[in-house]
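Shown next, in structure tokens, is the structure this report addresses.
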Amino acid sequence: MTTELNGDRIWPDLRTLTCVLSPEVVARDDGTTTRILVVRLTNPAGELLDTAMFADVDTLGRRLLVEHGIGGVVVTGPRAGVFAPHFRLGEIAEGAAALGRPVPYAAARAAYLAVRGLSRVTAVRDRLLDSPAAGIAELVRTHEALTRLGAVPQVVVSAIDGDALAGGCELALACDLRVMAEGDGRIGLVEISAAIPPGAGGTQRLVRAVGASRARSMALRASTLDAATAYSVGLVDEVCAPAEVLEVALRLAGEVARRDPAAIAAVKRTMQGGRAFRDGLATEGAAFVSTASGSAAIARLRAFAAASDEAGTRTPWRDRSWLR
Amino acid sequence: MTTELNGDRIWPDLRTLTCVLSPEVVARDDGTTTRILVVRLTNPAGELLDTAMFADVDTLGRRLLVEHGIGGVVVTGPRAGVFAPHFRLGEIAEGAAALGRPVPYAAARAAYLAVRGLSRVTAVRDRLLDSPAAGIAELVRTHEALTRLGAVPQVVVSAIDGDALAGGCELALACDLRVMAEGDGRIGLVEISAAIPPGAGGTQRLVRAVGASRARSMALRASTLDAATAYSVGLVDEVCAPAEVLEVALRLAGEVARRDPAAIAAVKRTMQGGRAFRDGLATEGAAFVSTASGSAAIARLRAFAAASDEAGTRTPWRDRSWLR
Amino acid sequence: MTTELNGDRIWPDLRTLTCVLSPEVVARDDGTTTRILVVRLTNPAGELLDTAMFADVDTLGRRLLVEHGIGGVVVTGPRAGVFAPHFRLGEIAEGAAALGRPVPYAAARAAYLAVRGLSRVTAVRDRLLDSPAAGIAELVRTHEALTRLGAVPQVVVSAIDGDALAGGCELALACDLRVMAEGDGRIGLVEISAAIPPGAGGTQRLVRAVGASRARSMALRASTLDAATAYSVGLVDEVCAPAEVLEVALRLAGEVARRDPAAIAAVKRTMQGGRAFRDGLATEGAAFVSTASGSAAIARLRAFAAASDEAGTRTPWRDRSWLR
């Protein structure tokens, strides 16, 4: 990538994210200046999303809510050609197996709603994350973390150079704007090929983003779109050469960040999903827990993990072997 | 059509539907196999949709809910060039006339909600279908039948070779995926040209499928789209030559049916409409009853019926005389 | 424009609107005839939208609800090349300043909901418009007036030749159908560049019209679309030469107005937004009041007004100086 980021790392306690303020200053309409925070996904465990990373995204969002010095955020991958390929499916397999038996949908929904309610008290949530309900508590945290990313007052832009499949697509969908590089990278909700539904809000966000007809089709068929196609259906906002993706994302973030912070926050707030969106998250959460805890899903997820290397550099989605 | 279906007919008690298991077997990801059910619309009364056919679709859906041997469903028309042109409007005229007088919207809404509630008890519903509220009970059953078609655990694909207007469009919209043949066939909600609004869920599904702006425009203008245009706005998922429509639909159904059944069901469940969709159905139902029971609508529907032949091979929509 | 309107002006008490029945008669499907009302935005105060004009739109909608002789409505601008460029921002600045201090979001939401409830009693509403809550009462009236424009039984078509930015875009979005002339005119929600969010329902209508992804992007980036682009995303229904915009809009209105009035009203009713839409309006209203009452917004709005001429012929949006 052409843009060099040599600034000091901030929030080094976020172990899976490298957060650096962009060196260029954004001149605001009102004469003041601000900066764009670049959040690089640099999980020491490898290139895949995992629970540790969503925990950091959760913390990141809480900080952004009160961090008035930052005017915008760009989320980008660890290296050229890599964004957030997908979530580590082996973790889902083990979390689901820990539930001990398949959870019926109605029970999963009740559990999801109970955990979501309890999670509003942080101390209780931390206990839940260390309980037999840990899997559900982590799912709730992921839902809340991605919803918060869309709700922080700053504009959040994802710079996608490489795959954004399944959880990677859901992370991208949770951002306000998306830049995607031409090339081999694909975006899509391909979870069904691993015997699970999307579980990080993607079912609700994709329907709202591109309409129910296209969204349902994409998720059922495990469709993956290249950058040009994603652009044509309104799923990404800019397409560019891979070498320029960070630059374009920074420009885009700056284009919004120059506006009044209260107005940015107000536009974001008014164009969120509302009650129906939260209801939909509960449906998704319950369907996810119920499906993933079934023996077929656990077997399939373990087969996926067995066919992957530890860092996620090679998996049945990255090499497309499960997407044909 | 090139695909020959010589399998045994199943469920012969469904008199308007010819149900045959596709001879080709779908190899599932988990090593098992499944089959696609082909549902051919073969109403002895003619090529139009009617109450008897929606009653059979209702029964079909109930069976699919518990039929685990079937991995997917393709809904197709009775012959090359014909899908489900539209509902038989003469039936609507007589059902509306039987109400005796125009029903105000508020009364229609109360009646719709009461009948919907009562219909959950099958025995009560059967009584209602034989009462002065029969028209409303049939409308509710149609709404429930098409909603269930979207909610069965199997993927449901419509193979549209020919017109899918009004009720035919609504049937197609209730399927998960749509294949449409190039040619003279058109898809659209043209009810307004017969002095009624759409009444089988189309108002709610089209808005969700293509956005409120395009959907409202299509329904107000009685627009009909050819296959290419329908594809470009995301209303259909594949376009092909007429001779290939069943083959493509079977391939598409198989592409999804190879996935884990629980995951397919979970994706479908999470991408349904929720409470706002059901509220919208009630609004549609009430607006439909209220409008259709007016004298202007009854006269117009009867004029339509008078200009149609009995089998529906020639009607003011099929020959486009009311769509200019 | 090629269509001459020499009919008698009706409702001359609407001082900002020139209402004339189109000379051409629309032949209805049932053999009767009807006429299209052309509503020309002719505010004596200049070319911008303002409170007086929305008050007249409110009255217009109430009359259309009971005016059965009119089959359709076309909303058009005062002269060639001008539709409704945007709302007069100086009025917003002074209304917000009159609140005396920044209103927190929660308080703004409570106030909005209270005023909306009270406004159902017309006499109370008129008092509110003359109280310290006047700004909120005017916002509520604007929301109600535009919602009613979408809810009148007649089809409403906007004929856009020139800019439809911010409030002008929101007025266009409140119509059932939109015709837009090729040329320099642009459509978009550009409010953020003046430090406020959209406030006349645009956040809710744009999301529903073009999907949440494109809508959020447009509002955050202050994007403006030319006619061809607006057509390609489904935001406008017809594009034509500037000289033909009124003619095309009249043809489009006539195409719908020939249908049965009850059916038109029923289609419109079933494709409205429902409860989630009204919830969304409250969110928008509260976010608008809260943001606009902040000192940054007031300063920015006043700077905008200071850079504008009185009639709105030259403003930082019309000359694009704030949109670069």
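Each chain carries a letter (A, B and C) given by its place in the written order, and its residues are counted from 1.
As a working rule, a contact is a pair of C-beta atoms (placed from the backbone, for glycine too) under 8 Å apart; a residue touches a chain by one contact, two chains touch by 3 or more.
Being a predicted model, the structure only gives us computed values, none of them experimental.
Where chain A touches chain B, the two copies mostly use different residue numbers: shared numbers make up under half of all numbers in play.
For the two copies, chain B and chain C, the CA superposition rotation is 120 degrees, given to the nearest 5.
Chain A and chain B have Cα centroids lying 36 Å from one another.
Contact of a single residue of chain B with at least two other chains is seen at positions 210-211, 276. Listing the residues of chain C that touch chain A in their complex gives 105, 191-198, 203-204, 207, 210-217, 219-222, 233, 276, 279-280, 283-284, 287-288, 290-291, 294, 296-297, 299-300, 322. Listing the residues of chain B that touch chain A in their complex gives 29-30, 155, 176-177, 205, 208-211, 234-235, 237, 252, 255-256, 259-260, 262-271, 273-276.
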